[in-house]
Structure formats: C-alpha cells, structure tokens
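Chain IDs A, B, C and D follow the sequence of writing; residue 1 opens each chain.
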Amino acid sequence: MTQEKNVLMEFSMTPLDKGESVSQYVSRSLDIVDKSGLEYRLNPMGTVVEGSWDQVLEVLTACHEKMSSDCNRISVSIKIDYRKGKNGRLLSKIGSVEKHLGRPVQK
Amino acid sequence: MTQEKNVLMEFSMTPLDKGESVSQYVSRSLDIVDKSGLEYRLNPMGTVVEGSWDQVLEVLTACHEKMSSDCNRISVSIKIDYRKGKNGRLLSKIGSVEKHLGRPVQK
Amino acid sequence: MTQEKNVLMEFSMTPLDKGESVSQYVSRSLDIVDKSGLEYRLNPMGTVVEGSWDQVLEVLTACHEKMSSDCNRISVSIKIDYRKGKNGRLLSKIGSVEKHLGRPVQK
Amino acid sequence: MTQEKNVLMEFSMTPLDKGESVSQYVSRSLDIVDKSGLEYRLNPMGTVVEGSWDQVLEVLTACHEKMSSDCNRISVSIKIDYRKGKNGRLLSKIGSVEKHLGRPVQK
C-alpha cells in the first residue's frame, strides 16, 4: 500500500556542546535528508520534509543517530502539519498564500 | 539491553478543524501518555515525557494515530532535549535552575 | 485600562556558545521572570508566563537583553496561546484536561 | 544609531477557530511582513524575517493585532536565532551548509 504523503515536518537539530558555529553538523543532517528520497526544502531556520508520518520520523531518527554519535547534548525543534487527503503541500501551501494575497512573495 | 532514558520530549498536538475548545482531544493524548508507563508532566502549554528516543517517539505516534482517526488537520509542536548519559532530568533540570538561583521558583 | 491577561507564552532561551551545561544562564532568565510580577510556571523544557501580549514580550525582551550581554549566539523557542476573553488559564487549562479525562494527571 | 540586523525570527501564526483552511488569515500576515521593509522568506511551514530584536518583534505584534481583530484563539510558534555581529544570515546560513556539504541542496 502506498502511504499518503500527508505530513509536512520542519525540524532543526543543533548540538549545544560544539560552540556557536554548527553548520558542519547541520550539513550532515542535510546529507541524510537529501539521500532519503523525500521532497524537502532547506530554509535559514530549518528543513521542511514531506512524506508520511513514518517516513518523516524515520529521517528525523537517522539524523539524530548521526549527530548523537559525536555530540553530547542536542536540541531538536520540530513542527508537524498533518492534513488528511492532501499531498504536494510542500509547493501548494505557498501558492495558496500568494493567491489570497494577489501577488508573489519572497520565498 | 536497557535503553537510556536520556531524552526529554515536550509536545503539544492540536486539531485545527474542531473549533477553539480542544481539551477533549488533548485529554485523549494524555490518556495515552499516562498509560505508556513513561514519566511525564503536563503543563499549560504541553506535555513533557522522559524516555529513550524510541520510547518518546512511540508515544507521539500513538497520540497522532488516535487524533488522526477523527481530525482532518493536526498541528504538532515538539521540542527534544537529548543529553548523553543523563537520566532523571524531568526533576533535576528544575532543581539545577533553583540551585543556581538560590531560591525556589513557581513550578 | 487594565490589559487582559489573555496570553500564555512558553519560552526557552539557550546560549549556543557556553557548552552543554546552561542552567547558570537559564537561572538568570528565571530571576527576571520571577521579579516581573507575572504569574508563571517553570517546567523541565521551558517557562510558561501569563499576561497581556505586551507584558509577556516585555519579559522576553528583558531576558534576551541580559543573555546577549555575555553570550554570542542565542536560540529562543517561543509558543504563544492567545484566547480572547479568557484569563487564569495558567491553572484552568490543566484542570480542563483532567475534567475530560476523569482523573488527575502528573503535573 | 543603526540597529544591527542580527536576529533571524521564524514564525507561524494560526487561528484555531476558523476551520482547517487558514491561508486567508496567513496571507494577511504576509502582507504585513512584506510591507515592513524587512528581508524575509516564506517557506511551507513559516516565515523567516531578518532584523534587529525590536524590528522582528514589532512585525510579529502587528500580525497578532491584525489576526486578533477577528479571531478568538490564535496559536503562535516562534523561533529566534540571535548571533552577535552577524548580518545577512537570511542568505548566508544556507550557503554555509552547502559549502560544508560540497553540493547544492533543495531550497
């Protein structure tokens, strides 16, 4: 059975014990997300991944396993938007706002 | 092998299609958390659960399965604090702040 | 005119450049919250403050000013629940869940 | 004195009492952000605004004033990344991850 990709998950995962420059660690998570085969978008504050509930949590868990291999303290912030019967919202949500606004926005 | 309970997860899970009073739906999640056997605390903005990475995500998934059975759109906010080799932080984190402060706080 | 205390704000404010033990810095924020005169509760993942929109943002700003005095990178996570015409929800939200559940929870 | 634009704020502001389709309300916030003159980017889960601490909170407050004019219950999720002496991170943070990764990502 094909799982519905009705979940958008945004997450950011940050080590607290590696000083103020953490992009080295963030890039390893991006590598995992990128190779997962799921649709995603990186923004300045997090990564939005589209998939089923199980798919997005599997990616999150893989990122945590990698980071906890050499980081002692990790802070993770996650936001999930589930909508029954809706797919492709990685693109359509922005379009819907622009349609209501009547003009394009910065994205 | 016993899994380390080195994760604190705070979450709130809210239906967007059920109007402004949602405690009926929140209470079903609390029932699941309460029966999971994990240590937890409910606060006015979410529930903090203590366990291993897999244990807390399992509880989160059970709550989502229940809520998605009759809610069409669900917003979930999650924060995870992982700390290698540390257990019992559900209680000790507050104590540590009070110790630094030199007096008790409202909790 | 008395401002309605119709906002619950939960926040956590963490320096990223001070290593994995940060309760020293968190306790300074708690000192500010505690002396603000607003009702609040500390939980293991954040602090919930009750007040008007302006009041809770004022406390948040004071905490940020203090922390940025000696921290170079700061991560802040904030969740706000606004409900028109409702006061005293710092206590009543938990009670409402327990009423639906028909039994007390850990809090 | 020119204020440093050393803050990135991502926020999402959602009414809970308007049913599951809320892009009409989100678009009004985007209109406010867009006209603020601050740099911003809309993503599928929120809007990232770059400015000083006071500037980004001013935009947030304007969005809340608009939404609370006709919504009874509003949930706001906010994440702030402050970094002393750093400007232009709306663009540079993604570039830094790509540099570490050695290839471009979806953004």
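Operating definition for what follows: a contact is a pair of C-beta atoms (placed from the backbone, for glycine too) under 8 Å apart; a residue touches a chain by one contact, two chains touch by 3 or more.
None of these values were measured; they are calculated from a predicted model.
Trainee: Weigh A-D against A-B on C-beta contact pairs and write down the one with more.
Mentor: By the number of C-beta pairs in contact, the winner is A-D.
Trainee: Counting residue numbers used by both copies over all numbers at the interface, does the chain B-chain D contact come out same (over half shared) or different (under half)?
Mentor: Shared-number fraction above one half, so same.
Trainee: Measuring from the mean C-alpha position of chain A to the mean C-alpha position of chain B, what distance in angstrom results?
Mentor: Computed value for the inter-centroid distance: 20 Å.
Trainee: Can you compute the centre-to-centre distance for chain B and chain D, using the mean CA position of each chain? Integer Å is fine.
Mentor: Result: the chain centres lie 26 Å from each other.
Trainee: As a quick test, compute the distance in whole Å between the mean CA positions of chain A and chain D.
Mentor: Computed value for the inter-centroid distance: 17 Å.
Trainee: When you check chain B against every other chain, which residues touch at least two of them?
Mentor: Expected reply: 20, 72-73, 75, 77, 79, 81, 83.
Trainee: Would you pull the chain A residues touching chain D in the complex into a rising list?
Mentor: For this pair, the touching residues of chain A are 8, 10, 12, 20, 23-24, 26-27, 30-31, 34, 39-46, 48, 77, 79, 81, 83, 89-91, 93-94, 96-101, 105-107.
Trainee: Which residues, counting only chain D, touch chain C once they are in their complex?
Mentor: Result: residues 53, 57, 61, 64, 68, 72-85 of chain D touch chain C.
Trainee: Note which residues of chain C are touching chain A in the complex, please.
Mentor: 14, 16-17, 19-20, 22, 72-73, 75, 77
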